[in-house]
Amino acid sequence: MKKNKEPVYYGDYLGLDKLLSAQQPVSPHYGAEAHDETLFIIVHQAYELWFKQIIHEMRSILGLFRAENLPDEALMTVVHRLQRIVTIQELLNHQIDVMETMTAQDFLEFRDYLVPASGFQSIQFKEIEISLGVKRDKRIAFDQASFYNRINDKDRAYLESLEEQPDLFERVDAWLARMPFLETQDFSFWKHYERAIEEQIERDRAIVESNTLLSDEERVQELAELENTRENFAALFEPERYQVMRDEGRVRLSQKALQAALFIEMYREEPAFNLPYQVLNSLVDLDENLTIWRYRHAMMVQRMLGSKIGTGGSSGHEYLKRTTEKNRIFADFMNLATYLLPKAALPPLPESVRNSLRRYSV
Amino acid sequence: MKKNKEPVYYGDYLGLDKLLSAQQPVSPHYGAEAHDETLFIIVHQAYELWFKQIIHEMRSILGLFRAENLPDEALMTVVHRLQRIVTIQELLNHQIDVMETMTAQDFLEFRDYLVPASGFQSIQFKEIEISLGVKRDKRIAFDQASFYNRINDKDRAYLESLEEQPDLFERVDAWLARMPFLETQDFSFWKHYERAIEEQIERDRAIVESNTLLSDEERVQELAELENTRENFAALFEPERYQVMRDEGRVRLSQKALQAALFIEMYREEPAFNLPYQVLNSLVDLDENLTIWRYRHAMMVQRMLGSKIGTGGSSGHEYLKRTTEKNRIFADFMNLATYLLPKAALPPLPESVRNSLRRYSV
Amino acid sequence: MKKNKEPVYYGDYLGLDKLLSAQQPVSPHYGAEAHDETLFIIVHQAYELWFKQIIHEMRSILGLFRAENLPDEALMTVVHRLQRIVTIQELLNHQIDVMETMTAQDFLEFRDYLVPASGFQSIQFKEIEISLGVKRDKRIAFDQASFYNRINDKDRAYLESLEEQPDLFERVDAWLARMPFLETQDFSFWKHYERAIEEQIERDRAIVESNTLLSDEERVQELAELENTRENFAALFEPERYQVMRDEGRVRLSQKALQAALFIEMYREEPAFNLPYQVLNSLVDLDENLTIWRYRHAMMVQRMLGSKIGTGGSSGHEYLKRTTEKNRIFADFMNLATYLLPKAALPPLPESVRNSLRRYSV
Amino acid sequence: MKKNKEPVYYGDYLGLDKLLSAQQPVSPHYGAEAHDETLFIIVHQAYELWFKQIIHEMRSILGLFRAENLPDEALMTVVHRLQRIVTIQELLNHQIDVMETMTAQDFLEFRDYLVPASGFQSIQFKEIEISLGVKRDKRIAFDQASFYNRINDKDRAYLESLEEQPDLFERVDAWLARMPFLETQDFSFWKHYERAIEEQIERDRAIVESNTLLSDEERVQELAELENTRENFAALFEPERYQVMRDEGRVRLSQKALQAALFIEMYREEPAFNLPYQVLNSLVDLDENLTIWRYRHAMMVQRMLGSKIGTGGSSGHEYLKRTTEKNRIFADFMNLATYLLPKAALPPLPESVRNSLRRYSV
């Protein structure tokens, strides 16, 4: 057996010669070595290692979603690997604490030597964003401009090729839209559901109107928001109005996908929905952790640079904070909460749906 | 000895009869008990316990700052207790993970029963904000209106009395402004410092202009920001212009306090500055953790309610996100990074300052 | 509707009058208040709040396991609530960081006043241990003696009544032992499995013998352990020998339960095993977090008291470290790894099992 | 300036070509790639990156301790860098969560291919242990044998050369033993201190004897431990008896160093002791985090292998758990708590000591 012929040595297996010779601070070329430049390098290298792992998981997940339908075995793997990405993200959030052991003044000792290198040039991070669904047209204007400059042609070409491929958002949207049970002809169900939501909104209106603690200004604002909710809800079932919401960027999922997601959230205790629910929930965790990381990272940059510009010539934390909310991908699943019903108020599933579920789960 | 007369029993000492009988879910009054209401209650009670601990530390810290000058012993205690608050804040951030084990649908089972109760009614949280320095005039318009309604008269009266008292921001500002070494008449020092900063800004300009990777739009923007930095810096030494910056809310510290903070940051390795530096650094940690908590809390609310209004009739996460940046207190210390110099570029401390430092540290 | 009649107020709903008046430091009765006694009280009260939440989840989980068979809906709830306990445990582990902001010397300022109160008197913690499965006969001798003294009669009576009731370990053991697919008469399967394990052990023997890096002492030891593994494995299928292992405390699960657990671990990608696998995995997480907490807690006590005795008259960290491994409950599930096979080496499931699985999952 | 001549590119600066080409799974050489082998490689590579950073800090800290006396500036740097190591350790502890997303069965898919590679071959980890103070003679017998086999000659030679050099424990011991104030001739001070400790022990005896909740067995045990404490304490001041304690491995610090540490702990609010106290405290944090990591790592191995032997032919978690307590380095500082006095009971510092402190702190 091969392993008898070539016993593996820890250091060779892990390529430690390459790995541990890849820390080349530049400060010694200009004078005394800046002690903290090693930390700066290793923190970023650790990020890149974890980005590679996240990409490894993303590719396998995207591969599984390519299939026409996903059996439970495949969904289990999807959930397991999404949860692994979520666990890695929690580690990346902690890693900011390590970076923050470097003071702003210590950073100044080598900052100028790094010009114009910048975290914006992390191709792996951009690959993660693109393969999740942060495509060019989704970015803020400034970002659309800057996303593809600052990197060399080879890297740009690679990322642009990724833009052509289906991303996780699109795969999940298509998977949801395909769900068979949506074809139910049982209109009484949607009617029942619509009525229940109307009642919920009326209860909320009563809350606002009877709340003597609210200022008039607040009351007006809340009632307007309720109207807003009512209209958004109505739009869920009217293709044209839904399209308007979508064009305005108030929702990103296709109408069929959003309806399926709503279904899964509400009836998640149906065995057939258990795994789909875990998929949606993992995507919300992933989106939340990425957003928290963006926000913490922006604060760390502010702490390091104040309002000074970054080595890449970007305005640092202001820019980063602008992208925090804008670059969210799966926020629609969070916003579903707006349209949920308490278990007790749920209309019983029509037989036609139960049947398609049974077929679906086999 | 008393302890021989009355041996202490764990449960009595901790008042467990009171503590563990304070969980009174309301859902049973309306039907079946909602299993997760207990979690909802205990999560909020745990917050209130920790808020009480934070207030306990805040009061002792404010008490210490009341003194005309703070000897090293007092500063050590201040740092120790600020760091304890920071450690508690990290726990509060983790606590959001526990709350998020409750799904939006499970929350719906008892949400309506809580109306119009709301986290906005946490008097202890408001006390923490006020005693840190989030005073009425610092709040966003909407918040100024809402901060004092929704709570009963007794609570309002208590909080308004707190508004009259000096808060931590004011105490720290006064402590910094008092620092003796600022009276130095050695103008050559400030000149030297000003020149060094000018050079830094020129280097940054070179970075931007030589950075072929920037789009014209970006270059224009960055150069404008550099001009901005230059003016802000100049304003540090011109009382009138500083006052303008302050009126515009671009800086909150008094001019003398900001200069002292800059001094401490740059010369923090002077033994006499070690503890003052630890104080400033702890305040930045505290401000950062509170801001992260606000942001994570806003996301958790979005996850629980979508765009639905909260039980207190507030629009939930939108409002909360608006306050995240607005309610920061010690951001000026973070922004100091803009005006720091690398150790090598620091002008040597003038003898007049060294002397006042020696006096100061005794 | 009731909520219109009685609007809920945040502070009343959370019983803050009780909750926030339950901190009664004793140091003021003996002299100056010890500043950190409040921290000491609040840390322990926060623990008790979370213990109450864990007990709330434990009771609902034990209730679900009382049923003759658990449909997928019930298993989903079990997994969800076990995972919530795990999330709370992670919070309790972080809470030790807060306690450690109190120095040993600061503790000395009020330690003597607490005598003989002790954490050993936390009835809720003992309830959690008992309901998980740390029953009297499972404890170390010293602990068997001490577990029930130091507490008053009422508390002792309550805990002793709990000892009579089935605990989670017993419920899970019975649930596993009941699994229908174990009745398969297809002996070829077990034969196949046995052969595969034998091969695995032989590969391990080759590893040890061919490993030139091992000292003779090590090689002898490893080969002995391999023999040990072989015998343990054989015992899995021979009731008498299994009973011996169990009597010696090398395994705690019943033979049928262990076999079922092995099955579930190996074939967890069978849809019918997905939820049972998540149950086992959550129990391992729970056991691991409790063990880590015990260990960290023991270190914290050492840091606070050195080798001094605790206020309850116990020898502190030495005792606590002794219980860390001894009080583990679900270690058998971790040790299953010893008998797992790579997916590729798994014998195909016999038809008889597939059928019972199908029945089982409906 | 150089940076104008050669603009730095992010990927080149971080050596990403080397770094991201160092993941070479071996499973593809034997059949299908095992998906999780990439995770296994990257987790270990991330550890090695952080080990390199810890070594970078350790070397600078050891360098600073080489000086005859350490001015406050140097101690500030020592504390800052020790705290950075502590922050990295917290990250390494979190990293175990990522590793645990790999199941035992998934590991089996490639485990055999790695033989006989093993984490015991991490030279950087061994360097960290040696430079902290885990020298050959400090190890458990089994470990003394195994520490230096399993690695190639070059690596062994390197580690053996490290054994010759002074480690952090020795440097800290010497630094403490040198402290000038220990030369005080004011015997009344030690008398006062001794009397205060005697009183403390008598109070503890009263606690034990008056504690009706203790079983006789417990009472006997506790009183014996008290006698033990009394003798250990007496030994602190009698060179011969201290040497006995040290030979028995009950204490590791030299007598003078231990006395100095006691002094610093008790009088840490003396400005001159502030930084030395932070050094001791950071060393305790470091020791605690390393110990927790060892324990968690042992549990992770148990979860992955059960009682199976590791790929390096070691018995896995049993061995690892044996080393957890044995390899502690700075436990003496934790155990100091045994001999502390409450601030109120502290004898006033003799003038002779105050004077030497003043000299010391300048």
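Should a chain be cited, it is by its letter among A, B, C and D, assigned in written order, with residues numbered from 1 in that chain.
Note that in this section a residue touches a chain if its C-beta (ideal position, glycine included) is under 8 Å from a C-beta of that chain, and two chains touch if they have at least 3 such contacts.
If you want to know which protein each chain is, UniProt gives these names: A, B, C, D = Tryptophan 2,3-dioxygenase.
Since the structure is predicted, the reported quantities are computational estimates derived from the model, not experimental observations.
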{"item": "Separation of chain D from chain B in steps, with touching chains one step apart", "value": "1"}
{"item": "Set of chains whose contacts include both chain B and chain A", "value": "C, D"}
{"item": "Chain pair with the higher count of C-beta pairs in contact (A-C, C-D)", "value": "C-D"}
{"item": "Furthest chain, CA centroid comparison against chain B", "value": "C"}
{"item": "Approximate Å spacing (C-alpha centroids) for the pair chain A, chain D", "value": "39"}
{"item": "Centre-to-centre distance between chain D and chain C (centres being mean Cα positions), rounded to whole Å", "value": "28"}
{"item": "Approximate Å spacing (C-alpha centroids) for the pair chain A, chain C", "value": "34"}
{"item": "Touching two or more other chains - residue numbers and ranges from chain B", "value": "7, 112, 115-116, 210-211"}
{"item": "Chain B to chain C touching residues, read off their complex", "value": "2-3, 7-11, 13-16, 18-24, 26, 29-30, 35, 38-39, 41-42, 44-46, 48-50, 52-53, 56, 60, 80, 83-84, 87-88, 90-91, 94-95, 97-98, 101, 112-124, 152, 155"}
{"item": "Of chain D, residues touching chain C in the complex", "value": "31, 104-105, 108-109, 112, 115-116, 142, 145-146, 149-151, 203-204, 207-208, 210-211, 213-215, 217-219, 221-222, 225-226, 228-229, 232, 265-266, 268, 284, 288, 291-292, 295-296, 299, 302-309, 311-315, 321, 325, 331, 334-344"}
{"item": "Of all residues in chain C, those that touch chain A in their complex", "value": "4, 7, 72-73, 76, 206, 210-211, 269, 271, 274-275"}
